[in-house]
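As written, the chains take the letters A, B, C, D, E and F, and residue 1 is the first residue of each chain.
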Amino acid sequence: MTDEQHFEDGVAVLKKMIGGPDAERMRQGWREISPDLERLILSFVAGQIWTRPILDLKTRSLCTVAALTALGRTTALELNVRMALGNGATKEEILEAMLHLAPYAGFPAVWDGMKIASRVMGETGM
Amino acid sequence: MTDEQHFEDGVAVLKKMIGGPDAERMRQGWREISPDLERLILSFVAGQIWTRPILDLKTRSLCTVAALTALGRTTALELNVRMALGNGATKEEILEAMLHLAPYAGFPAVWDGMKIASRVMGETGM
Amino acid sequence: MTDEQHFEDGVAVLKKMIGGPDAERMRQGWREISPDLERLILSFVAGQIWTRPILDLKTRSLCTVAALTALGRTTALELNVRMALGNGATKEEILEAMLHLAPYAGFPAVWDGMKIASRVMGETGM
Amino acid sequence: MTDEQHFEDGVAVLKKMIGGPDAERMRQGWREISPDLERLILSFVAGQIWTRPILDLKTRSLCTVAALTALGRTTALELNVRMALGNGATKEEILEAMLHLAPYAGFPAVWDGMKIASRVMGETGM
Amino acid sequence: MTDEQHFEDGVAVLKKMIGGPDAERMRQGWREISPDLERLILSFVAGQIWTRPILDLKTRSLCTVAALTALGRTTALELNVRMALGNGATKEEILEAMLHLAPYAGFPAVWDGMKIASRVMGETGM
Amino acid sequence: MTDEQHFEDGVAVLKKMIGGPDAERMRQGWREISPDLERLILSFVAGQIWTRPILDLKTRSLCTVAALTALGRTTALELNVRMALGNGATKEEILEAMLHLAPYAGFPAVWDGMKIASRVMGETGM
């Protein structure tokens, strides 16, 4: 496959996960920081990782939410909570994936993560 | 519920996930380090977290594997790869949950995690 | 012991450490995010960890402050600076426990931690 | 050498890297938090580390920016982006040192780092 | 460009950095763990990141060594010390890039990193 | 004060904490890796941090053990468990400082830390 095909796959999967307007808003934010950052996130992260088989999008979302909560990467966590909702995870499942991490990453990481998830869920009305 | 009930729940869920002999071997290792460590892992981590509803054991395992790979906690990761296999995750799904993290936690964390998973899977013949 | 007893122990120790009004405010924040988060923080973290023997509350506070500073968990660090003051640590001791970490966790972590401690101490007038 | 000499070396190298007014503003911030923090940053970090031979200031800056981006230490990263610009790194080189880390520390860390770098570069007009 | 072209670029740049026999040995290790891991490391990490302009290979190596030392990713650090030597960094420069991090990532991370670098350098006779 | 005085202070405090033969063995290990690493550990970490007032050596040791357990820095943790014993912390207090971190840094970090502490305590007969 070519880079352009991966990029188009990435654009499509991002839209599918968070909807067209939010996808455009995210892309614009990355592009303003660096056009190469936008391009690599779409062609590699979205286009070559999220399109892989074996695990469905919802399971991928819960694993990503778990890892980002543990690492304390709050900016990407906010986006991934939105993606998880778009991928069919319920509010309860997302919060549970975080609470499950309390004995593994500690309560402080879980507290920060759940605070972000609550805010996102409040805004999206879900 | 009482501490004893949580402890018994934890013993049962650990056995269910990795089998009786491995569960006993793990418990002995924790007990030799500290009887309180064994007690809290069984009554709290196994008995009060892994027994919660909303997410099934396999999804919990994949999320835990993702978080421990990201954090680089290799001792607990080895145990959790065994638990994931016991909880019905296939070898391919466990490796995929790790590979999915490459753009989130970096390839070095994924490389270390997949090395451990490969070794465990080789030993268990799965 | 039962979960209820651990919970009551947790409520009592949290009140003792930061006072009734602050304890209620913290609990409400956790409850709004997730009633289970509040329950586990009180019954496990406060009720089963902070009530253990061998180390006094002040030493536990300084160790927690050290670990949270190193990990960069700023939300929980703010609460734990308040708890440390309530547990009898002086302003100087808390800042010193952070400065001591400069060669272990690096100056950036210490800078962030001391900034939080200064702000908390300014607000509490201590 | 004496502590005073290291301190003077540190004051000089900080001024050289970010200019007199910014150096004074940073020092005041550290001093308000803790006079010992200011003293150790100047006499040890600036005076004994940044003055070492073998690597030039620009290379040191790019390595520091890389490490702080990976660790997610955003307060110190902002200062070090300014220092990197003062040490002769171009805007493009600083962003590239961050983007290079995507496969090593993950895109979320790079996204946060590049956002800070963009803001600093916008403010300094560079 | 196509995936195959990125892959070939990655194979070429890895060979250039650590030599043909070591490149083959590394690839075999990744392939045994997971053919997809080998493929993504070559086509993305080596083929699309290490081939980028703006920073030369030696500067990229020193930044990578800095980030991996800070993160404590020892398996990848060992490989990257070899790559840094192949990219023209001297033994002294690599150790200096690590020592420079002492105030940023702490002495324990630096100690672990320099131990690995010393061993690699002893083995390669550099 | 001069660097030499800080260095001598560092040599003295290290000897006091782990005894002459172990201090010499540690210093030799650092010197073989890098004479500058040995010099900075003794003159800065030991000579300027561990000699500070406000917190006694035992409290400093427990805070360091807590931070290194949380960060997963196992090489330095082993040394600091020895130092904690030399500074008057009992075996029980050291293990308790680690167990206390379970809700903050997670059980995997605590498990690794307590394993190291158990081994050190077994070897030293304490």
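Here is the rule we go by: a contact is a pair of C-beta atoms (placed from the backbone, for glycine too) under 8 Å apart; a residue touches a chain by one contact, two chains touch by 3 or more.
Everything numeric here is computed off the predicted structure, so don't read it as measured data.
**Q** Going by the contact rule set out at the top, which chains touch both subunit C and subunit D?
**A** Expected: A, B, E, F.
**Q** Considering subunit C as a copy of subunit E, what rotation angle in degrees (nearest 5) results from a C-alpha superposition of the former onto the latter?
**A** Result for this pair is 180 degrees.
**Q** Mind checking subunit A against subunit C and telling me if their interface is mostly the same residue numbers on each side, over half, or mostly different?
**A** Subunit A vs subunit C: different; shared/all numbers falls short of half.
**Q** Most remote chain relative to subunit C, going by C-alpha centroids?
**A** E
**Q** Using only Cα atoms to place each chain's centre, name the chain farthest from subunit B.
**A** Of all chains, D has its centre farthest from that of subunit B.
**Q** Of the chain pairs E-F and A-E, which one is connected by the greater count of C-beta contacts?
**A** Between the two chain pairs, E-F has more contacting C-beta pairs.
**Q** With chain centres defined as C-alpha means, what is the inter-centre distance between subunit B and subunit F in Å?
**A** 31
**Q** Let me have the rounded angstrom distance from the C-alpha centre of subunit B over to the C-alpha centre of subunit D, please.
**A** Comparing mean C-alpha positions, subunit D is 40 Å from subunit B.
**Q** Please report how many Å separate the Cα centroid of subunit D from that of subunit E, as a whole number.
**A** Those two chain centres are 24 Å apart.
**Q** Residues of subunit B that touch two or more other chains: which are they?
**A** Within subunit B, the residues that touch at least two other chains are 40, 44-45, 68, 71-73, 76, 99, 101-108.
**Q** Per the contact definition, I'd like the list of subunit D residues that touch subunit C in the complex.
**A** Listed in rising order, the residues of subunit D that touch subunit C are 30, 32-34, 36-37, 40-41, 45, 68, 71-73, 75-77.
**Q** Once bound in the complex, which stretches of subunit B touch subunit C?
**A** 1-3, 40, 44, 48
**Q** Under the touch definition given earlier, write down the residues of subunit B that touch subunit D in their complex.
**A** 101-108
**Q** Which residues of subunit A touch subunit C in the complex?
**A** Residues 72, 95, 99, 102, 106-112, 114-115, 118.
**Q** What residues of subunit B sit close enough to touch subunit A in their complex?
**A** These residues of subunit B touch subunit A: 44-45, 49, 52, 54-55, 59-60, 62-71, 73, 76, 92-93, 96-97, 99-105.
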